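Okay, so here's the structure we're looking at.
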Amino acid sequence: MRDAAPQLAHGFVLTLQIAFFGVIGALAVGVIGAAMRVSTSRAARVAATAFTEFFRNTPPLVQIYFLAFAIPKIPGIGPHLILPSIVAATLGLVLHQGAINIEILRAGLGAVPAGQREAAQALGLSRIDELRSVLVPQAVRISLPALGNNVISLFKNTTLVASIGVLDIFGEANDIIATILVSAELFLTVGVVYVICVALLGALFRALERKFALAR
Amino acid sequence: MMSYLHALPSLAHGLGTTFLVSISAMILAVGIGFVLGIVRSQVPRAIDLPILAVIEFFRGIPLLVLMYFIFFGLPQLGFKTGQNAAAIAALCLYAGALGSEIVRGAIVSISGGQTEAASALGLSRVQILALVVIPQALRRMLPPFVGLFALIVESSSLSSLINVTDLLQTAHQNVERDNDIALPVYLTVLVAYFAVNYPISLVSQRLEKRLA
Amino acid sequence: MPMLAMSGVRKAFGTNVVLKDINLAVDPGEVCCIIGPSGSGKSTVLRCINRLVTIDAGDVVIDGLSVIDPAVKDVDLRRRVGMVFQQFNLFPHMTALENVTLAPRKVRGLSADAANALGVTLLEKVGLREKAQSYPAQLSGGQQQRVAIARALAMEPKVMLFDEATSALDPEITGEVLAVMKALASEHTTMICVTHEMGFAREVGTHVVFMDGGLIVEEGPPHAIFDAPQAERTQAFLSKVL
């Protein structure tokens, strides 16, 4: 077990990297998608809604498999789209978790009271200023608990990357087991590391919620 | 293309296993959710804390790690499980932890004034819970429980990684046999999951709006 | 030339006709008080003036600009019209001062310093200079509404609209808001107030309009409406509320 520590630590760093890029990517997808869903262009709204519904209603593991194994088989362009495993895995997480972020932020915008929009318009603010200064800051605050849960869910889902051969902490654990077989202890250790990380993330988001609380 | 058509019956069979695993896990998760949720809503904080710790553990540990622990780890400690049982066990522990929050939340949201009114009528604590609070709380639990089922179906795809021959594993096996059908097979799998989960999440949203 | 002229204004929401045929003129410096039962369309009249609601027929001309003229931009109208809402609608994530300076900075293009100086002056005017750094949730209802008045004044509008500005307040604190409105009236600010405060309408109003069922039933100077109402519906309404 002690011998396994350096290998697990190496995997853990990769886990953190995947989680970091996954969270940033999913947030970007969420912001862009939510903006499209409240835009005046019908085409943008339809496209963003279809994206949201498809990717949040299909399992992230299947999305990862699709990116890693099916995309390269597309006739013609496929062979140019062979992604390194780690990119395919991270992209799969970004699509799924990003779709959920779109829905969260859209719901947050919808939860801002109608009077806020009316007041912003009565002051003569442009549509952009209305969104940027009045609606979005409130929507983000309203959405913070759900966004936090989604970050935690993404963090836990980083384990899926091991399934296509990326050696994150969980992949390293599997690798060790394949060679020396100490699985009960090892999986428990990995599990506890995740539980601690999730608890820390939870505490971080609760602190953020308190800091940005919107008293009405 | 023939090879893709030949894969379809086995994919249908895999979908059946996905349903079997998901529905079994859902039934157990509802049971766990109700027991823990009701207990947590009624006991003092000192007794609630250890229960909460266990729930937080199962919410915090990634489902895949839990599944591997049960399937690969437990046999070393003397508990042998088949792959289907291990998948169902992991899913129901995870979903049960979430379900207990749903039940507790719904009960607590009803309790306040209703408990006071029922107590004033002289009902016992069990009567209040069984006759007044839980019947009303059920309405609030329904939409999140439907949503939980969608999450279970989605998460059941992980069971393919411990060799449960669910939809995803069947797809994988077919592609191993003939690599050229990877695109249509995985596309079919994506669409199949969507076709199952999209209606479920629509129902959950509708119920939420209607019961709000 | 009147500051505001509404002619033949009609507005329906779906099949519900809220305004049937509104004709109204308000001169500069007038305090026009619109009274009437709830659901009579009073609030909709105000929203037609700054285009928060687009009218189906007729015209509204404010300071020479027509709301049905496509060349007139929303911002042109809204810079001329300040609005105060029943529910205050302060922005909860901004301090009182930030609420007041938002439009001067974003719409009028003032520098941060100039906007802050203006904001402090306006908060002073509504008696809340010491609350500049407070968030709305830290203020009482009356204080929030006074900040909302300062926010509307920061546009340096030609006309101020008040949509039941005191209805959401406890009776004992309506006075502080009415006092600010009275002070504005004494400076000859053109004001259009939808109100349930009959005392305010009688004392401060220069022009009282009674609306019912999407129509103006009767209008005139306060003493004429309150002391000698002509229409039966006006008499019935006033006997209930006075």
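To keep things simple, chains are lettered A, B and C as they appear, and every chain counts its residues starting from 1.
What we mean here is this: a residue touches a chain if its C-beta (ideal position, glycine included) is under 8 Å from a C-beta of that chain, and two chains touch if they have at least 3 such contacts.
The structure displayed is predicted, hence computed values, not measured ones.
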Neighbouring chains common to chain A and chain C, by label: none
Identity of the chain that, by mean CA position, is farthest from chain B: C
Centre-most chain [mean C-alpha coordinates]: A
Rounded Å distance, chain A centre to chain C centre (Cα mean): 46
Chain A-chain B separation of Cα centroids, rounded to whole Å: 21
Inter-centroid spacing, chain C versus chain B (mean Cα positions, whole Å): 54
Chain A - residues contacting chain C, complex: 113, 115-116, 118-126, 129, 133-134, 137-138, 141, 212, 214-216
Complex interface listing, chain B residues touching chain A: 56-57, 59-66, 68-69, 72-74, 76-77, 150, 154-155, 157-158, 160-161, 168, 171-172, 175, 179-180, 182-183, 185-187, 189-190, 193-194, 197-198, 201
Residues on chain C engaged by chain A in the complex (per definition of touch): 50, 52, 74-75, 78-79, 81-83, 85, 87, 89-93, 102-103, 106-107, 135-138, 151-152, 155
In the complex with chain B, residue positions of chain A that touch it: 53-54, 56-63, 65-66, 69-74, 78, 156-160, 162-163, 170, 174, 177, 183-188, 190-191, 194-195, 198-199
